[in-house]
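Below you'll find a set of structures to go through.
Shared chain: chain A. Partners: chain B in the first complex, chain C in the second.
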Partner chain A sequence: MPVELIDDPARWDGFIDESADGTLFHKWEFLRILEKYTGYQLFRYGVYRGEDLISVIPVFYTKSIGLKLIYSPPPTSSVNIPYLGFATSPLFGRLGGFEREECWSQIVKEFRDEVMKISPNYMTIGLVPGIRDVRPFLRNDCDADLMYTYIIDLKPPLISIWEGIDRYCRKDIRAAAKYPLVMRRSYDAYKFVELMREGLKKLGGTFYDRQSPAYIEEILRAFPDNVKLFFLYDGDALIGANLVCGFKKRCIGWMGNTTTDNGFNANDYMLWEIIKAAKQEGYESLENAGADEKRLNFAKTKFNPDLVPCFNITKKDIIYKTAKYANRKLEKLVRF
Partner chain B sequence: MEVKRIEDKDLWDRSIETSPYGTLFHKWDFLKIMEKYSGCELFTYGIYRKEELSCQFPLFVKSSLGIKMAFSPPPGLPVTDLGFAMGPVYDKLKQRRKETYINSILDDMEAEIKKIPAKFVHISTVNGFVDMRPYKWNGYDVQMHYTYAIDLNRPLEMIEEGMDGELKQLIRAAENRRLSIRPEPDFDVAFRTMRDLYGRQGEAPPIAIPAFLKDAAAAFPDNIRIDYLYDGDQIVDMAVNYRYKDRFVLWIWNAGAGLQYSGYMAWEYIKVNKAKGLCTLEIPGASLKMSSILGSKLNASLVYNFSITKKDLIGGIAEKFYRNSVKT
Partner chain C sequence: MKIELIGDKSTWDAFIERSPHGTIFHRWDFLKIVEKYVRYKLYPFGIFDGNELLSVIPFYLSLRGGLKMMLSPPAINMANVPYLGFSMCPEFERLKLSERADLMGRALREVDTGLRRMATNYICIGMNPGLKDVRPFVWDAYETDQQYTYILDLTRPLKEIWDGFDRDCKKNINECMKFPLTFNESEDVGRFCEILKKNLTRDGPTFYHRQDPAYLKELLAAFPDNIKLYFFYNGDEVVGVKMNAGHKKHYISWIGNVAMQKDLNVNEFFYWEMIKKAKSEGYRTFENYGTIDKRLNNFKSKFNPTLEPCFYVVKKDGLYRTVELSYNAVSRVANVPKAIMGNKR
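So, the complex of A and B:
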């Protein structure tokens, strides 16, 4: 199975559009924006089965303090992308069990062999939630960290989704609806980032402090049909914001949900409005990421989502481990 | 929530029967057999929510180098999954209540484990229990394991259609050779045969303590069965299976006997157990490359369970010492 770099945007995007694992984050232009705002070098790999392009994976490469690092996606602190990694073709999905497993093993092995030519000290791949067979990675000396995400099924009738919501949350949403609240689409990434920084300032340096608002602005401009920023107003006052990313039948509540103190729960009201809008637009699921953050679970489970496992693959060599260890020790010394 | 030791076999078994996560291995007599052959002390915990038994948790405790270790299931025995058996209420809860519930149960169990006090804890959960976050947050290392599962609710033609072409051909050829599966009621004979069969393949039999399986088969004659596969008069393969609730599990099977024999046996089990109305046929060992060939050629789905481990430095040393001293 040869691995080759793909330099044809139309071919790449056509593949992502057809792939069951292809996300908006995989699209050619999205990757270009990630490359621009991280400064990392982007490689778009394709893995072939005979003449057929069977899988693709975008990879970001950088060097830091002499260490070679491979990411897919780049670190959350710089781009806030939940996952990226492999996308497979419809042909892969049609293969029988044995052929599919053999093919998946080969894809992983060939990719690993290719990427090892760079001799990375560290590699991390965040797999999309549908990919659960991590055996080939384990057989190739990688570690697989179990992660989770929350996904709300939008296929049932709206009334069933409403009834699934925690009753106190429903009460809060009904109470909020009595206020003069309006949800409006916005393109003001700077205002959004400012709101998020303010809302999350207790957590210290977050993605919103590290990345320029121009990153979000460029994504909003590049994908106006997919990425939508909504502001929630109470009269004239901006009280909440949510950045929603929709692609194919899946929608992700990507960023937003700052806490507000207005005597009512603006976050829950806004999420319910987004659920209604997403369902109306034909999306079948709404992902509400953050299941691995214990502090967020109580709020995120109000909407009765499914808990869905996903994996983060890592490979670290001894140099990386030693450097990390030394760095931790050094930080301790500096703090002391 | 309140944790209590349960000493009432009937209460324990009745609740395991109604738990969607209760397995044959969770049954009282099976646990007692594990206790006998592992040399561990068995603690049968029940976690109560008001008066209701919400969760059962068998734990095996052993000392090594004076250090206490806790297992579920105990090492050295061919039991792959055990751990928590949540009551029927759990699956009906909304996600928010589920999380509160499982967090509370784990906190209570952690308190019990601290009382032991175990320096090494290793638990292998049952299939289908997804949420391992509370363990991760409590410092456990979580590893995923796979099992192949065939949905027997589908029409037989559909199951056959999904199978790999080569396997179908091998099964057809096997059918023409008039292979037959017959049970072996005498465990001593079965184990001698197992030794011979695996010996011919240059391997040790997969059961280190034959008496464990003999006792288990005697205690659960309606559940556990040992089958031979005959080619004419010659025994060419064998399998130890168990059936519990709506699951049939190819528990101990011989990947080294060749795909034709194991494939034929699996196909026969699919047909028979589907006719009996069972819902799932499981083939453990999907994490191993050699064992995964049969499951993938049958186009089985992958289901998963988890092993969770927590140890400090002393617990880790004691565990290594203990595992080296038991035959696995």
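So, the complex of A and C:
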């Protein structure tokens, strides 16, 4: 199975559009924006099975204090992308159990062999939630961290979705609806980032503090049909914001969701409004990330989502481990 | 909530029968037979809310090098039990996600408290594949080890199951039909173990080398309706052996099955026969456990099963970590001369 770099945007995007694992984050233009705002070098790899392009994976390469690092996606603190990694072709999806496992093992091995030519000290791949078989990575000296995400099924009638929501949450939404709340679409990325920075001030340096608002602005401009920014107003006061990303039949509540205390639960109200809007636009699922955080567990499950596993793959060599260990010790010393 | 040892077989078995996670391996007699042959003391814990039994978990205490290890199940090469762990009350699956995570978290805290009182250094739990949310364990500082099992859905029509098989697999099964292949039930565990020992010699000391065949004999006698031993024949020649276990609506292709006849793929044929038999007996799922060994995966995945994740969770205290670190360091030092000699050769 040869691995080659792909330099044809139409071919790449055509593949991503057809792939069951292809997300908006995989699109050629989205990757270009990530490359621009991280300053990392982007490689778009394609893995072939005979003449057929069977899988693609975009990886970002950078050097930091002499260490070679490979990311797919780049760190959350710089781009806030939940996952990226491999996308596979419809042909792969049609393979039977034995052939599919063999093919998947080969894809992973061939990619690993190719990327090892760069001699990275550290590699991390966030797999999309549909990919569950991590055995080929484990056999290739990688570690796999199990994570989870919440996905709300939008296929049932709206009334069924509403009835599946926690009783107290429905009560909160009904109570919030008595206020003059309006959700409006916006293109003001700067205002969004300012609101998020203010809301997450106590968490310290977040993505919103580190990244320029121009990053979000450029994404909004590049994907007006897919990425939508919503502001929630109580009368004239801006009380919440949410950046929603829709692609194919899947929608992700990507960023946002902070509100100031107004005496009612604006978060739940806003999420319900987004569910209704996503369903109306024909999306079949809405992802509400953050299932691994215990403090968010109760709030996120009020909407009766499915718990879906996903994996983060890492590979660290001895130099990286030593450097990390030394760095931790040094930080302790400095704090002391 | 409180944790207590359960000493009453009928209470335990009644709970296991009602629990969606209760397996044949959780049954009281099974646990006691394992205790007898593994020689680890059994601790069948129940977690109660008032008088209501919410969960059970059987542990085996292993003492080694001064360390106390609580295992559920014991090591695979001792009892060949693939998973054990928590079995939750029937209401558990009807709860909402957050409530399920909360209940599992509270049950786990009780278990931790109980095991801490016993000065346990190491806890290892192999979870039933039905329990997929390991976040309560992660939040409680357990390490997780991702594993998989293969499960075939038997509720589909037989033709659909057959059509899903790999092309070569179907061809091999059709080829086998030209031969006088038969199978029958047996109780000859001595011969079963001998055949497996002989065929698995190159894999080193396996379960069959370590364990007394009387262990399997007792299991067969204790669960005649659930556990069955089969011998497969080509004419008069034994060409395969298999021990399977069925419980509730779940059938597990448990132990055995070696490729004894190299020129004919009889394993695929008999595997198909077992699938048909399980389906005709009303089982809804057919499990073929063990997906780490790539060589075996190539066989198992031919039947187009679903790859289901399951988990082992482990917690180590400071003493256990220190001993483990020292042991690993000594092992590395001890292996240096071997490595040098190996290189020289």
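Note that the second predicted complex is superposed on the first by the 335 of 336 C-alpha atoms of A that agree within 3 Å, B and C clash if a C-alpha of one lies under 4 Å from a C-alpha of the other, contacts with A are read in each partner's own complex, and residues count from 1 in each chain.
To be clear about the criterion, contacts are C-beta pairs under 8 Å (C-beta built on N, C-alpha and C of every residue); 3 or more make two chains touch, one makes a residue touch a chain.
This one's a predicted model, so the numbers in the text were calculated from it and none came from an experiment.
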{"item": "Fit-or-clash call for chain B and chain C when the two complexes are aligned on chain A", "value": "clash"}
{"item": "Partner chain in contact with A:Pro309 - chain B first, chain C second, else both or neither", "value": "both"}
{"item": "Contacts of A:Tyr148 with chain B and chain C, given as first, second, both or neither", "value": "both"}
{"item": "Touched partner set for A:Val182, first chain B, second chain C, both or neither", "value": "neither"}
{"item": "Doubly contacted residues of chain A, that is, touched by chain B and again by chain C", "value": "96-102, 132-135, 138-139, 144, 146, 148, 150, 166, 291-292, 294, 297-298, 301-302, 304-305, 307, 309"}
{"item": "Chain B - residues contacting chain A, complex", "value": "94-96, 99, 130-133, 136-137, 142, 144, 146, 162-164, 167, 286-287, 289, 292-293, 295-300, 302, 304, 306"}
{"item": "In the complex, chain A residues that touch chain C", "value": "96-102, 105, 132-135, 138-139, 144, 146, 148, 150, 166, 291-292, 294, 297-298, 300-302, 304-305, 307, 309, 311"}
{"item": "Residues on chain A engaged by chain B in the complex (per definition of touch)", "value": "96-102, 132-135, 138-139, 144, 146, 148, 150, 164, 166, 291-292, 294, 297-298, 301-302, 304-307, 309"}
{"item": "Residues of chain C that touch chain A when the two form their complex", "value": "96-98, 101, 132-135, 138-139, 144, 146, 148, 164-167, 169, 291-292, 294, 297-298, 301-305, 307, 309, 311"}
